[in-house]
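Chain nomenclature is as follows: A, B, C and D, assigned in order of appearance, with residue numbering initiated at 1 for each chain independently.
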Amino acid sequence: MEDIVVVYKERPVLKDPILVEGLPGVGNVGKLAAEHLVDQLKAVKFAELFSKYFPPQVLVNDSGTIRLVSNQLYYVQRPQSANDLLIMVGDYQGLTPDGQYELSDKTLKLAKDMGVRRIFTLGGYGLGKMIEKPRVLGAATDDDLVEEMKKFGVTFSKGEPGSGIVGASGLLLGLGNLYGMRSVCLMGETSGYFVDPKGAQAVLEVLAKILDVKIDFAELEAKAEQIDIITSKLREAEPAPEPRREDLGYIG
Amino acid sequence: MEDIVVVYKERPVLKDPILVEGLPGVGNVGKLAAEHLVDQLKAVKFAELFSKYFPPQVLVNDSGTIRLVSNQLYYVQRPQSANDLLIMVGDYQGLTPDGQYELSDKTLKLAKDMGVRRIFTLGGYGLGKMIEKPRVLGAATDDDLVEEMKKFGVTFSKGEPGSGIVGASGLLLGLGNLYGMRSVCLMGETSGYFVDPKGAQAVLEVLAKILDVKIDFAELEAKAEQIDIITSKLREAEPAPEPRREDLGYIG
Amino acid sequence: MEDIVVVYKERPVLKDPILVEGLPGVGNVGKLAAEHLVDQLKAVKFAELFSKYFPPQVLVNDSGTIRLVSNQLYYVQRPQSANDLLIMVGDYQGLTPDGQYELSDKTLKLAKDMGVRRIFTLGGYGLGKMIEKPRVLGAATDDDLVEEMKKFGVTFSKGEPGSGIVGASGLLLGLGNLYGMRSVCLMGETSGYFVDPKGAQAVLEVLAKILDVKIDFAELEAKAEQIDIITSKLREAEPAPEPRREDLGYIG
Amino acid sequence: MEDIVVVYKERPVLKDPILVEGLPGVGNVGKLAAEHLVDQLKAVKFAELFSKYFPPQVLVNDSGTIRLVSNQLYYVQRPQSANDLLIMVGDYQGLTPDGQYELSDKTLKLAKDMGVRRIFTLGGYGLGKMIEKPRVLGAATDDDLVEEMKKFGVTFSKGEPGSGIVGASGLLLGLGNLYGMRSVCLMGETSGYFVDPKGAQAVLEVLAKILDVKIDFAELEAKAEQIDIITSKLREAEPAPEPRREDLGYIG
C-alpha cells in the first residue's frame, strides 16, 4: 500500500488559504484548539489521510460503526476575508520519527498544491506545574513574523522552549521552510498532566485575533471547569510529585 | 525479497466468498475460533503468506521437519449456499505497525481478487477479570450491518471497546472500507489472562448462525474445561491482582 | 546505499557446493563451530557482506586498522569429494526481524547462484542449566533428511526446540525451502550462559562425519577447559539462579 | 520525501580537500572539537543535510526563529596549503542503525564528488573514570596511516577501543574504504560523564599538527575550567559510583 493514502471527498478551490494544524501532543492543547476552531467555524471536512505510520487501529463510534484512525483536513471559505482557512486535526501523530517526517512532508505537499503560503501550528508547552494564566509562546520561520506576532501578544522568550519543538508542530515549520512557506508555532502553557482546555483557549484567543475570526469559548470554559474540579480534588487527596522538567518541556 | 511472499498450492474459484479471519490476539480468541472453523468445515489450505514483518523464525514439527512462520488461507466450497468461505489463520500478526498495515492490505488485495465482498474478523475483548458467560461484542463498517448483526445476538455497546480495535481484526475493516468491502468484527469477551476457548466458542456460535454452518463444540468445550481446572487451582493458590483495565481493553 | 553490499575478492567456481552457516547466537555455538571449521579446512575468504541491518560499527584490529562489521563467505575445494564447501561466518546477525529476512534471502540468492542445493546451519540450544555431555538436536526441511541425520547421531526430539529456531539458522531452512534447497539445522546443547566451545565441538563432530572431513579439536578443547575453570569458580562463589526456560530455548 | 535532503547555499570548488567530521557522541568530544575548528578557521557553511533519520524536531533560536535539526558542511580555503578543508558538524547522528549507514554513505558520496580522498573523524573514548591528561587514541584504514599518525603522538593501543567504534566516526572509515578513501579516527579520552572540552582540546592539538593549522584554545580551556569546577563540587558532595566499563567504551 502507499505509505500515506489521501482520500478526498471534495476538491475545494480556496483563496490564498492559511493552514492551521492541531494534533495530539502535550496537554492535547493543539488538538483541542484546532477541533474547537473546526466546530466554531463550521469547517467542512474534505480529505482524510490514512497511513501505515499511524497505529494499526480502528475506533468504534457510538453507533457501532468503525473508522480507521486518520488525520483530517477541513476548509472554511471566508468571502469577507483575504484568506480562506485549511484546518488539520487528527487522532494521532506518526508513531516513528521517519513517519512524522513523511506525514508532515505530505501535508506540506497537499497544502502547497492548494495554494497555502502561511501556516499556524498549535501546541502545548509543558511546564511540569499547574499554571493559572497560561501565556502563549511563539516560534516562527523569520524575524518579520516574530515581530508581527509580538503585536498579537505572543511571547518570544529566550531559551523557551529550550528543547525545541517536537512533532508536526515543529516539522511543518522546519520542512515548510524548504517549501518557501512562512509559518508560526503557537504554544499554550500547560502543566502537561491533563488534557488542558485552558491552554487551548489561550492559544485560540491569540489565533482568533490574528485570523480575525469570532470564537465562542463557552464550551472550552466548561471543559476547563470540569478539569479544574478533578485536579483540585486530586491535589487535596495527595500532593503531586514534582515531575522532572525535561520530561515535559516539549511540544506536540 | 518481497515484503510479503504469497505461495499458492492451488487457485480455487469461489462463489461470492466470505472471508473469516482469526489471528493471535487477546486470549487467542480469534485464532482458536478460526482454527476450529477450519477443522470443523474441513477447509482446504491453498495459500501461505510469508513476510519479513513476521518474526525470523521457523517452527519445528513433531517429526523434526520445519516450517517458516506464516499466515495461511483456506477455502470451503458450499454447493448448498450462496457463499463459499475463505478462512485466514496464522502463527503471528505483523511485528510492527507498518507491517500490520501491509499484511492487512495484502490480504484485502488477495481477497478482492477472489471476489470477496464481506469479511468477518474474530477477536477477543479483554475484560481484565474472569467472565462466566462471555458476550459477543460487534463493530461493523456500516449501520445496516450493525442492525443485521443485532438479530444474531451480537452486542453493540456504546463505549465498548473504548480503545478501538487493534491489529488485523480492526485493519481489515478499516482498510477494507477503502476497497468497498462491508465487514464485521466479532469480539468474544475474555479475561485476557489465558488462552480462552470459551470466548472462542461464544464467537463461533454467533458466526455459525450468521454463516449457516453446523459446528460441533466438543473439542473447544474440552479445552475450556482444562483451562477452568488450571485457573481455579491458581485462584485457590493466590488471589489474582487486579490488572489495570487499559492494559487489556484491546483486540487482536 | 544498497541494503546489503556484497564485495567479492574472488569468484570461485565450485563443485556441487554445500553451505555451512554459523553466526553469533546462543552460547555462540554456531559461530565457534563454523570458525573452527574455517581454520581447520584452511577455507579461503572470497566475499564480504556489509549491510545497514548490522550495527553501525567498525572493529579495531590489533594493528590499529579497522574493518567494518560484516558476514563473510569462505570456500573449500575438495578434489577427493563430490561436494566443495561454502562457509558463512560473521560478526553479527541482522539487528531487526526484517533485516534478518533480507540477509538470509540474500545469502540464499548468492548460494543458489553458486550452485548450492544443501545447507547445514549450526546453532546452540539453550537449556538454562549446565550440561556435561551435550546432545546435538536436529531439524530439517524434509522427512528423508531427518532419517538420514539420525544415522549420524543427530537427535530429533518431539517438542524440542519448543519455541522453534530463531535467526539465520532457522530462516536459511525456512526461506531456503522456497528456493528448493534441502537443509538441516544442527543445534548443540548449551547452558546459554557462556560462550560454549563444548557445544560447538559436539556439533562439529557430527558435521565432520556428515561432510567426511577431518577436524582436530585440540583448540576447542583448550577453550572449553578455560571456560570450565571460570564457571566452576563462579559456581563455588555463588549458586547460580535458575533462569527461566523461555528466555533460553531459542537458537541463534 | 527523500530520505536525506541536501540544501546547498554555495557550491565551492576545493583543492584536494580533507574532510573532518565531529558529531555528538561520548563526552561530545568530536562535536566540540569540530565546532571549535569551524570557529577558529572561520569556516564557511555551504550545505545542510536534513533527514527523516534525525529526530522530528526544530530548535528555537534566541530571536524566536526556528531551524530544523540537521548536519552542516563547512569549507575552508587554504591558499598556502596543498589541502582545503571540509568540516562536518551537526545536531544529531541518525536515530537508527540503518539511518546511520545511510547518512554516512550520503556524506561519503558528497565528499567524493568534491574530491575528498582523506577523512579525519573525531570522537571521544569513554573511560568511565575521571582523567587528568587525556591521550588521543587512533584507528585508521591502513597500516601506513597508522605509522604516519604515531609520529603526531596518536596512541594505537592493542585492544583499545575493545568494542570498536560506533556511529559516524566509525562508519566514515569503514564505508569510506569501499569508496577508496584513506581515513583516520582520532579519539580523545574522556570520562564520558560530562561534555568534555579537555578531551576535545587533546584531539584538536593533534589534528592541528596534522593539518598544519593554528588554533587558539582559550575558549575550550575556559569551558574546561567551568566543567572542572562543577565536577569537583559534585565529587565533594557525593562519591561517584563506578559505572560499568562496557557502558562507556564506545565512540560517537
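Convention: contacts are C-beta pairs under 8 Å (C-beta built on N, C-alpha and C of every residue); 3 or more make two chains touch, one makes a residue touch a chain.
Predicted, not measured: the structure shown is a model, and the values here were computed from it.
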{"item": "Partner chains that chain B and chain C have in common", "value": "none"}
{"item": "Shortest path length from chain B to chain D (each step joins two touching chains)", "value": "2"}
{"item": "Same vs different contact residues, chain A with chain D, by half of numbers used", "value": "different"}
{"item": "Rotation angle superposing chain A onto its copy chain B by C-alpha atoms, nearest 5 degrees", "value": "90"}
{"item": "Taking each chain's C-alpha mean as its centre, the one farthest from chain C", "value": "A"}
{"item": "Distance between the centres, which are taken as Cα means, of chain D and chain C, whole angstrom", "value": "37"}
{"item": "Rounded Å distance, chain A centre to chain C centre (Cα mean)", "value": "52"}
{"item": "Full enumeration of touching chain pairs", "value": "A-B, A-D, B-C, C-D"}
{"item": "Chain B-facing residues of chain C, complex", "value": "94, 97-98, 100-102, 104-105, 138-143, 146, 156, 158-161, 164-168, 170-171, 173-175, 177-178, 185"}
{"item": "Residue ranges of chain D in contact with chain A within the complex", "value": "1, 5, 7, 50-60, 62-69, 95, 99"}
